[in-house]
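One structure, as structure tokens, below. Some questions next.
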Amino acid sequence: MAFAQTTEHSLDFAELTTGPIDITSVARRVVPPTCGATVTLDGYARGLTKDKATGEIRKTDHLVYEAYEPMAVKEMYKLIEQAKQQFEIANIGIVHRLGKLEIGETSVVISVAAPHRKPAFAACEWIIRELKRTVPIWKKEVYADGEVWVEGAE
Amino acid sequence: MGLLSVMNLKILFFGATADAAGSREIELQTGGNLTVERLARDLTREYPALSKLKLLIAVNEEYAEAESDLSDGDKIAVFTAVSGG
Amino acid sequence: MAFAQTTEHSLDFAELTTGPIDITSVARRVVPPTCGATVTLDGYARGLTKDKATGEIRKTDHLVYEAYEPMAVKEMYKLIEQAKQQFEIANIGIVHRLGKLEIGETSVVISVAAPHRKPAFAACEWIIRELKRTVPIWKKEVYADGEVWVEGAE
Amino acid sequence: MGLLSVMNLKILFFGATADAAGSREIELQTGGNLTVERLARDLTREYPALSKLKLLIAVNEEYAEAESDLSDGDKIAVFTAVSGG
């Protein structure tokens, strides 16, 4: 895990790792004794990708994720702080994988623990949307006949 | 800053911008009074392949506005819209 | 897994088990090649419970879940069918644990895979709410000095 | 059904109702023309501890309305509001 970085306060965490991500362990690490549920978003390497321009479906061989690591961890912690201000939630864990990912492997896991389900769902949805908008991580799709750095929506 | 002042900047490239610049990190020495926008224009002149990309700039690990002034020792990251997740 | 029951069609599944539930494997089993994300709700045995009548916080020693098993599986499949009619989602997996659960162990995992995140969040939230309302499963909280079958809200 | 008709019913109890009835399963022989509501009343008379519980009834693994008629061979589940999750 050469690129792994961890900073921890309370039960929140935001990490980058080059190793496989286990969803269970991420979901468990945010659990305080007074909460009964976690909501977890996990993204994974898709085998089929739709070309945004042509609409054509391409078969992806594998993905490569790259990050501006110290800034990415900072930005993930900003999302944690902002989410905790906006939603009634207890703890948040975010782990994003970097490097080469085979199809089907988990690229990102966001787990939110909360006393009540509703804010946990809302916060988790908000965090993945913002992560895709603000956290400096880039995805390269590698095909049999080429590769492309995916450009984000904004 | 005076006319003779110089700034040393470190420029980092990622993903598509690293491919376009053919480099992941460069050191730059430049005159004072440089904005983010101006630096982006200078870099695009130096590395024409960057002109095909919509660039975002971070200064010292924070997103920067186009009008922000740069300072000696700043660490500049040049990248495209993020696509993690 | 004496009480385990499985019926499968497409990548959907609804199961009861007396063994530990691994969140990762549930989340993975609903993944079709065209989807990039799953949303997972996991509920787990809470260590502290608020008494609904008195507001007093009690320390729970362990939980026991019991189900009317064939009807519970049927009702879970009904939720799967209804969710797939209402939301643009690909596959749903539901696993509920029965028997004795130690504090912190997972009682239920609901994973929803979808081409887009928004309906996955909405469907997962809808399913856990309906599951708590309609699926014939009951929870017994066991304390140091007694035990109580929890009665649902409706 | 005629006056002499009888129905054989299987009654299942779960959780709190099993504790109240002191049993998890009983067989019941009864006259014809019995509704869900009437059965619930009869069971509460037989097992007074059930009267403290708000009962839900399923017939043959489906939730049943109070006015539904029962048939010979029906499998009845008697339980309280569910609390899974």
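For clarity, chains are labelled A, B, C and D in written order, and residue numbers in each chain start from 1.
Heads up, the rule we're going with is that a residue touches a chain if its C-beta (ideal position, glycine included) is under 8 Å from a C-beta of that chain, and two chains touch if they have at least 3 such contacts.
The structure presented is a predicted model; accordingly, all values stated were derived computationally and were not measured.
One simple way to say how far apart two chains are is to compare their mean CA positions; for subunit A and subunit B this gives 27 Å. Distance from the subunit B centre to the subunit C centre is 50 Å, each centre being the mean of its Cα atoms.
Centroids built from CA atoms put subunit C at 24 Å from subunit A.
Residue numbers of subunit A whose C-beta contacts span two or more other chains: 43, 128.
Residues of subunit D in contact with two or more other chains: none. Viewed as a network of touching protein chains, the structure reduces to a simple linear path. All chain pairs in contact, by the document's touch criterion: A-B, A-C, C-D. On the subunit C side of its complex with subunit D, the touching residues are 43, 65-68, 70-72, 74, 96, 107-108, 128, 131-140, 149-154.
Those residues of subunit A that touch subunit C in the shared complex are 22-24, 27-28, 31, 33-44, 46-48, 103-104, 117-118, 121, 124-125, 128-129. Subunit B makes touch with subunit A in their complex at residues 12, 14-16, 19, 53-54, 58, 61-63, 77, 79-85.
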